[in-house]
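Every chain is named by a letter (A, B, C and D) in the order it is written, and numbering of its residues begins at 1.
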Amino acid sequence: GSGDEGGGGGGGGDDVTITMLPKNLGNPYFEASTAGAEEAAEELGATVEEVGPDAASPDAQVPFINTAAQQGVSALVVSANDPTAIGDALEEARSAGTKVVTFDSDTEPQFRDLFVNQASAEGIADKQLELISDQIGGEGEIAILSASANATNQNAWIALMEEKLASDYPDIELVETAYGDDDDQTSFDKTAALLQSHPDLKGIVSPTTVGIAAAARYVSTSEYKGKVAVTGLGTPNQMREYVEDGTVEAFALWNPNDLGYLATQAAAALAAGDITGEEGDTFEAGRLGEFTVGADGEVLLGEPYVFDKSNIADFDF
Amino acid sequence: MRTHARPWWQRALLTREMLTILILVVAWVVASAAVQGFDGPLTITYLVLDVAPVLLIALPMTLIIATGEIDLSVASVVGLSSVTFGLLHQAGLGLWVALLVSVLLGAVCGAVNGALVAYAGLPSLAVTIGSLALYRGLAVGLLGTTAVTGFPESWTDGATENLGESPYPVITLGLLLMIAVFAVVLHATPFGRDVLDIGRSSEAARFSGVDVKRTLLILFVLSGAVSALAGVYYTLRYGSARGDNATGMELQVVAAVLLGGVSIFGGRGAIHGVVAGVLLIGVLGSALRLEGVTVNVINIVIGSALVVSVVAPRIAGGLRVRRRSAAIAPHEPPRFAAGAHGDPDGGSAVGQGT
Amino acid sequence: MSVLSLLRRREAGIALALLVVIGVTTAIQPGFLLSAGGWRDLLLTPSILVVLAVGQAVVVITRNVDLSVGSVLGLTAYLTGRLFIDAPDLPIVVVALVAVAAGTLLGLLNGSIVAFARVPALVITLGTLYVYRGVTLTWAGSDRIDAGDMPRAFLGLGTRQVLGVPVLTFIAAIVLVAVAYYLYTARGGRQLYAIGSDPDAAALQGLPVRRRLLWAFALNGALAGLAGVMFAARYGTVSSGAGAGLELQVVGAVVVGGVAIFGGSGTAVGAALGAMLLLTINRALPVVGIPDFWQRAVVGALIIGAIALDRVLANRRSRRLAAARDAEPPPGSAPPGSAPPGGGPNDAGPDDREEATA
Amino acid sequence: MPNATPTLRLEGVAKSFGPVAALRSGTLIVQPGSIHALVGENGAGKSTLVKIVGGVHRRDAGVVELDGEPVDFHGPAEAKAAGVAVIHQEPASFPDLTVAENIFLGREPLGRFRRIDRRAMREGVRELFRNLGVDLDPDRPAEGLSIADQQIVEIAKAISLDARLLVMDEPTAALSAVEVRRLFAVARGLRDAGHAVVFISHRLDEVADLCDTVTVMRDGEHVSTDAVADVTPDQLVRRMVGREVAELYPKVPSTPGEVVLQVEGLESTGTFHDVSFEVRAGEIVGLAGLVGAGRSEIARAVFGVDRYDAGRVVVGGRNLRQGDPAAAIAAGLALVPEDRRLQGLVTESSVARNVSAVSRRRLARLGILLPDAEARLARDWSGRLEVKAGALDAVTTTMSGGNQQKVVLAKWLATGPKVLIVDEPTRGIDVGTKAEVHRLLSTLAAEGLAVLMISSELPEVLGMADRVLVVREGRIAAELSRAEATPEAVMRAATPGASESESAA
């Protein structure tokens, strides 16, 4: 607790500084969430700074968490690359007086004050199964193209999807889960490999924005276009082309802008002492209205939103 | 005959290592004065914790590069040992046993490299590019999608805890011990002399009865074992054993060692320079991050420092004595034409395009 | 060259290995080769790596190495996308040429530091690996080039086929043939081998060592630039991290292809085959039932195996040459021992100072 | 002497390498249509002069003119372009290229589209080889060529340049008598066509046979230039050496003791065969032969740096493990190798480190090597051998050849060896130092050390050895006692192709 004096003396409540630490830089999804964070910060009169590693690995995130602690920022908003690996660093930051809000991808609950959840894991898993099932007519082989093998959120959704498939979709068989490491090239090549090794594949679910774009791009220029369904979680800007050319029928996502906005609002509320992260705490989140902290310090943004030909033109992120 | 051509203080000051140390000191002073938050106690704590694995691996790497070889597989050994450590813990073995087995496995990885380089006579650059992929592949293959977590607090805290009230983590003691051991080995034992002799002329070393092959094997084994140790530390520090731990760290280590004044051709290098090189990269990163400078600029700074640290002495030295034809990277001693070498005018004799 | 000597060449071994991999995998999963997509991917997947490996081979033949290619690729790929956004009226060919020119410049920068300051290429290109990547990151920030930002005709290059062969494969093949032709039949090409074979003797012979080194690095940079354009066309998305970590794969391909890391020998064809073998194995492993995660291990074992094989072959040859000297009475006096094999990289003359012992 | 413009004129050319003045005042005037011999002891500066003419080095001072035009070459390429072809003393071939590529490198015949015309190249090489009367496959890689074959490739390369000035630095050192005669025929042909030829050799009979003019050099300076007909070999030798030859070899008589080193049936494919000999305590055994005969290889195998296929080495009654120099050192063997820059010294290291290189394990206390102990040993031995260096921590790169050689000797003597193998102990060493080294070897032998001395200098072998073994093509061709060992007898045994008119200088 050696940072207390410095942090308290310099800023206090009026001068709220927030560090935004996405999984990695150069990712349009996080670009959108940071834009939301900046919007919220402006409304609140706080300053927000985005920092981050160039590759999505937990060890690369730690130095940035340390730096935030050294600077004694009021709050840190982070999307975790690993549920435990950055835990110690977060704890130290908290003991230096920094509030920690995770968004998008959580750590274990004891390491942070709040988790701003884009959608409940069940909601996301259900929505994606619903989409793929509709698109392949309720039966056949499907594969999942995930991000890195350790991504917390991905693995949670995949586990739920596997459960749901077994219980609710007996005619759909999940034949493989591949990992594209949230890298265009790898995801692209992995899509090719999936289609190659499973000639009867009917659909690909990619619960990551990088993966779904790569998969759609591969399929759109191959003989599989129109035969293999691609769906999952994607951003409208990346997917517009494939929705318009018919490769992709529909996909889902929450609004990452809103997610960043909400996480920043929550962080500011924590920093100001308005809430402590207890279950039942409520806070006002600007244009999004009022939110209540749920069990395990979770704040839920809402249901995933489905984009298709009819509405995709309305979004720009 | 006099023992030394220069008084001791000149000998100490006029070394390549002093340049790195000087830059480190300047960087530290400037950062303390100009960067807000740098002079806090947390800086030292984080610096030590962050540089620990690179520093550990840089020690044996210094010896290997001093012989004119290189080991690019170190970061993969970190990953592999992290995975074994995690899996053994998961299997219910005691952590000491897990640690021992992981380090032994690292030694075996190093022995494979060493045998291929020393006894089969294969170029270390190519061999360790291969084993970089091999060991990383084994690590990722063994652990698949999962990460092992849930190490006992006593161990994970040990990796990050401070010494009493001081800003120094407990592991500082271990690091100092390792630094001391490697410094003594390189600078004050016959073995260390062998290492430098091999780097300067492995042929001459062989003619003096140095067992070049065995020496190289020992160094690679050492490199593997220490990398594995760093892997265990890594696992404990982040509380998470993963196959992709420390990906790409090999280049950081090599960059730090070269920045510390070790010659990539071998034959020259000192532990204190390397320690300064590692710390310099750490301090630059820490200060620039505090200033809100992003990784990209940090990359540029480190890359430029590396290039400048090699080119600058060349240019400075070239003004004093234009030296011989070393236009070509790692290269064997020429078998013939010894006369063509010492030519101080070599510069003009090479590459006269018409 | 006779058929027999062609078969005995190092490249024949890699080609054979490639055929075996394709054959076995196709037997297990006919679609691997015998479907339109399979055939296309077989040719298309390695084409970028082939271009990079061919360029790297030229540098490695001169006893140097260029680790910055991944970063050069990233920079030029991003440049390509940026040009399409900022100057939408530029013809595709001009954009490609600008990217290639940028690659050439970056290669020249590497080459001139190596040739004029006479410092090891490994260190310099490790430094520029960081610098070039940093420049891309700074320039791109969180920006990313999406498929929608680039003209369809350009993206079409990444996927279109002519006569059943993907366009990018055509480009790679043209590069390969041109470089192989240069290396084998041009004076400059042979001099690159001479330089790598014995740099000091090359200087003694009056070869333009510096100019050739510059040229080798520039050519490699140009090809990395071209690979950047191909990357943008094929993947349709370019982020600042494009091509990260590719350098070791490229060097691996070159080594597997039989180009000696200490210079002087190897061919562009070998390097290209090495690249194809690496990536084809990568794609074949999941088909034959080896999970994703083990691929890298197999590739690593393959690289080590390839170098070891080269050494075994070289040892056999020098033993044969030694024995031949005993068999046929030589014209001159008795044969001396052949040169010691291998030889570590040393004695290249760092500064003439004792390291500090204190 | 003809009065036309000389093809080559060097006057007062000087060249130093750091502290070493390799060439103080080189003067050489070569007329067109003549073959000019350049002789002098090892280290006299002949090769340095040649390298200046060939553009490898740049002179520090002096005049160089070609056909009356002053020239200043910035590199070998410029010299080549100006019509100077040089066969350097150490052949520099590219092992990975073929023989034909080596010969035509950089000037390959081109066909259409500037592509190399391999057929024409091969034909050109065949033609060259026909003239030289050798039978080498143009398409084989240069890797593994014998020194003689490498020399032939160099000669072919130089001749193919068709230069106005051809300089040959010891081209015959590795050649057989037959090849030497062919080379001479080619050289005479060039002379008759009006070219100028410079010929360097240590064999004075060759000089008498081939050349019309001879220049003597000593210690980097011009001594004399005469028509070959006007000087006797004895006169030449006296001018080269600068004093009476006898005092160079201060042989101290000693009585050989028991056998210390015994070599039996040593065999190495492609290098040497069935080598057996023994060396006794207090005895100096000379190992004579042509360059490339395999003497150094034998020494290296005995010492353990090279492996052998069959046979054994016995030291002091015990079998020596092969391929293990450390074991050889422990058994009391020491090897002063032929190439001191590459093998004898770690040239980048200091005098002290080099002197203690072998003994340092003995010096260490509890595994720690104290700089003091090292310095004491180094001061001791470099004092005894009168090594001249600024300080013990001076780097040996900058030292003169003679002093370097003394450091190597000091290193080995510091180990207290029973058998000392010296390979070309005085190569490139000035006359004074040479005598010192000889005196040292002689004294050591008298004190009971067994010495095996390899030398290409016949006078040295004859002057120092109690017994001479002659190696020819990897086999011991003769064993001669001190009395039997005349120059003629040794050369006859050493030269392949029987006892043609070869005789020593």
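Note that in this section contacts are C-beta pairs under 8 Å (C-beta built on N, C-alpha and C of every residue); 3 or more make two chains touch, one makes a residue touch a chain.
Computed from a predicted structure; not experimentally measured.
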Shared touching chains for chain A and chain B? C
Busiest chain-chain interface by contact pairs, anyone? B-C
Using only Cα atoms to place each chain's centre, name the chain farthest from chain D. A
Distance between the CA centroids of chain C and chain D (whole Å) is 42
Approximate Å spacing (C-alpha centroids) for the pair chain B, chain C: 27
For the pair chain A and chain D, the C-alpha centroid-to-centroid distance in angstrom is 74
Could you list which residues of chain B touch at least two other chains? 11, 140, 144, 188, 196, 200-201, 203, 243, 248, 267-268, 294-296, 299, 333, 336-337, 340, 349-352, 354
Among the residues of chain A, which ones contact at least 2 other chains? 25, 54-55, 149, 179
What are the residue numbers in chain D that touch two or more other chains? 55-56, 75-78, 88, 92, 342, 348-349, 353, 393, 397
Would you mind giving me the full set of chain pairs in touch? A-B, A-C, B-C, B-D, C-D
Could you list, by residue number, the parts of chain A that touch chain B in their complex? 2-3, 6, 25, 49, 51-55, 57-59, 62-64, 66-67, 69-72, 82-88, 92, 96, 148-150, 155, 177, 179
What does chain B use to touch chain C in their complex? 8, 11-12, 14-17, 67-70, 72, 116, 120-123, 125-127, 129-138, 140-141, 144, 187-188, 196, 198-203, 243, 248, 251, 254-255, 258, 263-270, 272, 294-307, 310-311, 313-315, 317, 321, 323-337, 340-341, 346, 349-354
Where on chain B is chain D touching in the complex? 1-5, 11, 184, 188-190, 192-193, 196-197, 200-201, 203-211, 267-268, 333, 336-340, 342-345, 348-352, 354
Touching residues on chain A, where the partner in the complex is chain C: 24-28, 30-31, 34, 50, 54-55, 149, 176, 178-179, 183-185, 188-190, 192-193, 195-197, 199, 213-214, 217, 221-224, 237-238, 240-241
Chain C-facing residues of chain D, complex: 55-56, 75-80, 88, 92-97, 101, 105-108, 110, 114-116, 134-136, 143-144, 146-149, 151-152, 174-176, 178-179, 268-273, 290-294, 296-297, 306, 342, 348-350, 353, 371, 393, 395, 397-398, 471-475, 496
